[in-house]
Every structure is written in structure tokens, then in C-alpha cells.
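Paired with chain B in one complex and with chain C in the other, chain A is shared by the two complexes that follow.
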Partner chain A sequence: MKLLTANFLTCASKKCSSSPDAFPLNISDAKIAIQECEMNPEFIKNVMLRVEWPALVKTTQQLGNNTLPMEKPELTDESDELLFKSLHNVLLETEITEGKMTCGSCGHVYPIVEGIPNMLLSETEV
Partner chain B sequence: MSRPEHIAPPEIFYNDVEARKYSKNTRIQSIQAEMTERALELLDPEGPSFILDIGCGSGISTAIAESFGHTLVGMDISPSMLSVALENDEVEGDLLLGDIGAGVPFRAGTFDGVISISAIQWLLNADKTCNVPQRRLTRFFETLYSSMKRGARAVMQYYPESDTAQRMILETAKKSGFSGGTVIDNPDSKRQKKYYLVLQAGGIRTLDTSEMSVEDDNNKNHRLKKRKKQDMSVKDYISHKKELNRRRGHSVPRDSKYTGRRRKTAF
Partner chain C sequence: MGIPTPNTDHLSEKQFWDVYEPAEDTFALLDALEEDAEELREKYKNALPIVVEIGSGSGCVSAFTKYGVLENVNSLYFSTDISMLACRASSITMAKNKTPSCSESFSDIINTRFIQALRLRKSVDILIFNPPYVPTETQEIPLEGTIAAAWAGGFDGMEVTSKLLDSLDDILSPTGVFYLVTVARNKPNEIIKQMECRGFKGSNVLVRRAGGETLSILKFYRLRY
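And then the complex of A and B:
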């Protein structure tokens, strides 16, 4: 799972939908892989408007990387390619292959296996 | 043709054997590809977008949408189908295992667009007693609506089992805040008839319906009314007509025990 997706994923339970603790999901025991893919600056510009930067910083810190700045970088047409490249690297190329995501509100643990998060809930949790 | 929904719930029906077909069977692949391209045409995204693929299965539709330069997230309930997608190695986007009837687990305003190929008819199935189709539909459309950007569009191809099912899906979507309707391709052919639910989540971007064969709501109401009339007994029909005319101020013969009775044959 890419960090981009992790930045948008919330707890699937109905009870947690209004709780501020349900986002972002806390990641633990994670294994990371770098999967290279083609960069699309236009897409990054488009999606960066919606990325929750504090949540992304929190996620990367949980993965053991403290190099991200606390302030969200501003993207303009003149932004240099290096910024795009590093954002592309963080958002789209970094993948969590194994691990656990825990909801901060209800405590449900969503396992990630082979890069696929299991968001299924049991009948009583829906 | 039998419907797979009647056989087993999706996570069980799409087992390893069934999932294998989706990577081998070229007929399935070509139909799915055709429908995906049509769905993307209707979706008409502006620039490279972040798109959700509901019921992505083996990732045929996901891979096609990616070839147009979009970034995809695929969601499916069947682990076997997802493992086929992993093996195929054509899908770059993320996959996740989830039940859409329990909600789309993304925060507000995530997606620029949503596509779905042959998936949402599964929502109408009640495989367990705790599953209520209407509740699952409502939960699905409400969470979908909030997970989309304002003005984003969702195009969902599906196979409605009956008129009632189709109406139920469209009405639930509208109650959740969507605007839109059903586009029907090849309406005259029974086999090639395809239904696309085209929905828009708020926004001012107008839905261009000029090239679509959108089923008219008025027409449907008319047909419903007609059927209601046919269902009435003769006596009900006569008293209904008399009541109407009385209300309009016409002179109407009084009701008696003979009203609406069949006459005896003369000899």
C-alpha cells in the first residue's frame, strides 16, 4: 500500500466515522519496499491539495523516518523538479508490504498482507 | 442465464477456480475492457486523477484506467480475485480488501472519480440474516458520496435483476445526495444491453445527457400508474372512477349493492 492511500484511509466502522481519532490509522510492525514508477507532476500537483500533511508526517514517523518537514510544501509551476521527485518518492513509490493499522478510536487492527490492507469488519463491528 | 448472486456471496463465489477464469478467459477480458473504456468515457475526468475502482476483481478495469494516466485504488471483497490481480502484475495502483456494503473507508473528498464494473448488483444480496440490502445500499452510497470531491463523478456499470432493483439503487443514490441517472447502451438488444449508473456528487459541472439514452423518470411513473390500474378489480376500478368524477363535480349514479356486479347472461 502506498503512503498516498494510507493518507486517505480511515476506519471502516460506522461508529468511528465522526471520531477525530479514527484518522490517520496508526501503523506498526511495518515492512517497507520501494516500488519505482513513472512520475506524473500534474497528478502530484492535483493530489497534493488534498493530502493531509500532518497525517503524512505522523505516518512517516511511525515508519521510522523523521526527515519530512512539518510544514506542507507549496507547489507552484516554478517549483523545482527535486521537490516533485521527493514528493513522488514519498507518496507513490514507498509501499508498506506487511504490517498492522490500528484505529485510534475503536482499536480495531487492520492487517496488511502482501501490500493489501484487509478492511473487512466482522458483523458485530459494522 | 443464472445470476452468480444467486449461487453464493461474492467472497465465496469468486474462489480460486472462478478467479482463474478472469486471467485466462479472453471473452471475459474483452467484455470487461469494453465496459471499462465506456465507463471512462462517461466519467470524462479532467487531467490525471485519483480514481476508486469498486469491485476491481482481477484488476482488468484498474489496469485500463491506469493506462490513461490515472492513479487508481481498487477495492474488492474476494481475496482470490485480488491475488490474481497481484500475480498479473499489470496493476500499479493499490488494492484493498473490503466490503462496500459496510462503507467506503476513505476520508471526505478523496477521489476525483469512481468507476465500477459489474459489482454493485451484489449489494442487493442478503447472504446472511444480518444483511439488509437497503441498509447496505444506503451505507455504501452515503460513504461513497462523502469520499468523493464535490463535482466528481461516479460511473458504475451493473446488471440490475429487475426494474425494482434498478429503481431501488437509483433512489438510494439520489437520497444520499447524488444527482444523475442511468445510461443504457444497446437498449434493443437483450444480451448486449448494458446499464451504467452515472452519478455526480454536487458541484456545478453539468452532466451532458445529450448523447445518452437516459431513461425518463416521467415515463416510468406513467408505466407504474398503468400497472396499478391493471391490478385493480373491476369493482375497485368503477368505484375509483366514480369517486374521481364525484370530486370533479360531475353527476354520478349513487353506489348500491349492484355497483360493479357482473350482469347475468340473458338466456
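And then the complex of A and C:
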């Protein structure tokens, strides 16, 4: 799964849906693969409109990458190329192939196996 | 030249025998999506739409939509399936059919029910669902992702579809569109009538007889936003 996907995942339990601790899920024991691809500044600018910035920074830091600024940057065509590059790297090139995502509210652990997050709860857990 | 049908050769491997293979219902859905390809490309070319296929199974529809229907359109594409095996099959299908021009765009596969655990409230621009629509006993609907999850639909074949229809208002973006596969026994005209009461305009965009059943592809928008 892509690092960006973590910005769209939360605990599947209804009880956690309103808890601020359920998002983002805390990533641990992660194996990372970098899939290099060509940078598309338009895509990055558009995707920034969809991203929850503090959660993205947190996830990125949990993966040992401290390159993102704490404040959400305003992107323009004149923005620092290094910023574009690190966003591109974080948002599109970083794949989490194995790992765990833990809900900070209920403690449920969601495994990532062969790059696919398993977000299933049993019927009773939902 | 039509959009090519994605390569799903790996489904013949023994490990994927329990994944639903592309069949008449799949192809009817592909044809309905292809019919709308130009309209969707035009609508979303600069908008980075969020696209979700629920129950992606083999991944055939997701690969077709991501790399064919939405060719040259940047999108955030999520495919989900209750079966981990289907997720793996989808993952391989996506990788196999990736076109070089789409290297920058984004897709991922999530093992979940419907879109549980995904934070996409009222933000899905294109939603696609080929549900388990075969009428069965309710208890035949598996709680886990076995092959029966691909077809067992409970009463009228509508028990799984109804759950999704109940949450459509929470999922679809204001201008979103939803494509749904049904068969005659699901009473597609009834579905359209019921959804109209819930604020959705539905139409039956493709009807096809296949084997013993009549397939209908339904398409829904919000009536007002």
C-alpha cells in the first residue's frame, strides 16, 4: 500500500469513528519499498487538496522520514523544487509492503501483508 | 478501437481458483463504463477524482477503468474486496495492465467490507459495484471472503446491495456517479424508484441477456446538490 493511502484509513470499528485517536492509525514494524516514478507537479498540487496534513506528517515521521514541514505548505509553480520532490517521494513513491497499523483508540492492530492492508474486523467487533 | 479487456491470465493459477473470474456480468459493466469514457474523462481531467470499486474480485473492472476509461486522467483509485485472495488477484491485475502514461497516478487495494475503514465521507466521485446478486438464503451470505461472497445475495439477491444503497448518501460526492450491476430478479426498476425517494436519479443504461439471466447496469446521480 502507498503511504498516501494511510491518509485515508481509519479504524473500522464504529466505536472509534468519532475518536481523534483513531486517525491516523499508528504504523509500526514497516517495511518500505521505493517505487520511483516521474514527478507530476499538477498531481501533487491536486492531491494536496485531499490530504489531512498533520496526519500525513505523523505517518511520515513514524516511517522515519522527517522531511515534511509541520505546517501545510502553500504550493505554487514557484515553490521550492526540493519540497515538490519530497512530497512526490512521500505521496507516490513510498510503498509499505509489510507492517502493522494500530488504532490509538481501541488498540486493534491491522496488518499490512504483501502490500495489502487487512482492515477486516469480525462482525462482533464492528 | 475499444478499450482492451485487461489481462487476468494469473487467475488460472491454482492459488486463484477461488476468485470470481470475469464473466458476462463483468463484461456488461465494462461496456457501460466504456460508453461513458469520454464524458468521464472530460469531467474529471483536471479534478483528481476519487474512484472506488467495491468488491474488485479479479481486478478486471478496476484495471479497465483506471487504465482505460480514465486514461490520462489523474485519479485516486481505491479497490476493495472482503477476500484477501481477491485483493491479491486485483493487485496483480493492476500491476500487469498498468500503462506507462499512468506512472504518476495512484491506485491501491484494501481488504475490507464495502468501504469500511476508508475516510471517504461524501467524497467518492465514481463508485462501481458488481455485487453478489444471486438470490440465496440469507445464511448463505458468508461472513468472510470465501468465493460465495462473490455471488450469494440473500433475499431477492439484494441483501448485500441494499446495505450499500443505505449508505450511498454517505459515500457519493455531490457530483458523484454510481454504477451498479443487477439482474432482473433484483427488480432494477424497483431499485430506481426507491432510490428516487432517497434523492438519487437512476437509469438503466445497459440491458443484456446472458445465459438464464437478464443483466442491467444501473447508474445513479444525486437529484440535487
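Points to keep in mind about this one:
Note that the second predicted complex is superposed on the first by the 122 of 126 C-alpha atoms of A that agree within 3 Å, B and C clash if a C-alpha of one lies under 4 Å from a C-alpha of the other, contacts with A are read in each partner's own complex, and residues count from 1 in each chain.
Keep this in mind: a contact is a pair of C-beta atoms (placed from the backbone, for glycine too) under 8 Å apart; a residue touches a chain by one contact, two chains touch by 3 or more.
Since the model is a prediction, treat every value here as computed from it, not as a measurement.
Partners chain B and chain C, once the complexes are superposed on chain A, run into each other and clash. Look at A:L87: by the touch rule set out above, it reaches neither chain B nor chain C. By the document's definition of touching, both partners, chain B and chain C, reach A:A12. When the shared chain is aligned, chain C comes close enough to touch A:M39, but chain B does not. Look at A:P117: by the touch rule set out above, it reaches both chain B and chain C. In the superposed model, A:V47 lies in contact with both chain B and chain C. In the superposition on chain A, A:L63 makes contact with neither chain B nor chain C.
Of the residues of chain A, those at positions 1-2, 4-5, 8-12, 23, 37, 40, 42-43, 46-47, 50, 92, 114-121, 123, 126 touch chain B in one of the two structures and chain C in the other. The part of chain A that touches chain C in the complex is made up of residues 1-2, 4-5, 8-12, 23, 37-40, 42-43, 46-47, 49-50, 92, 110, 113-123, 126. Every residue of chain A that touches chain B in the complex is listed here, in rising order: 1-2, 4-5, 8-12, 14, 17, 23, 37, 40, 42-43, 46-47, 50, 52, 92, 114-121, 123, 126. Residues of chain C that touch chain A in their complex: 46-48, 50, 74, 76, 78, 82, 84, 87-88, 91, 103-106, 108-113, 116-120, 143, 145. Interface residues of chain B facing chain A in the complex, by the touch rule stated above, are 47-50, 69-71, 73, 77, 82-83, 86, 92, 94-99, 102-103, 105-107, 109-110, 112, 128, 130, 139, 143, 149.
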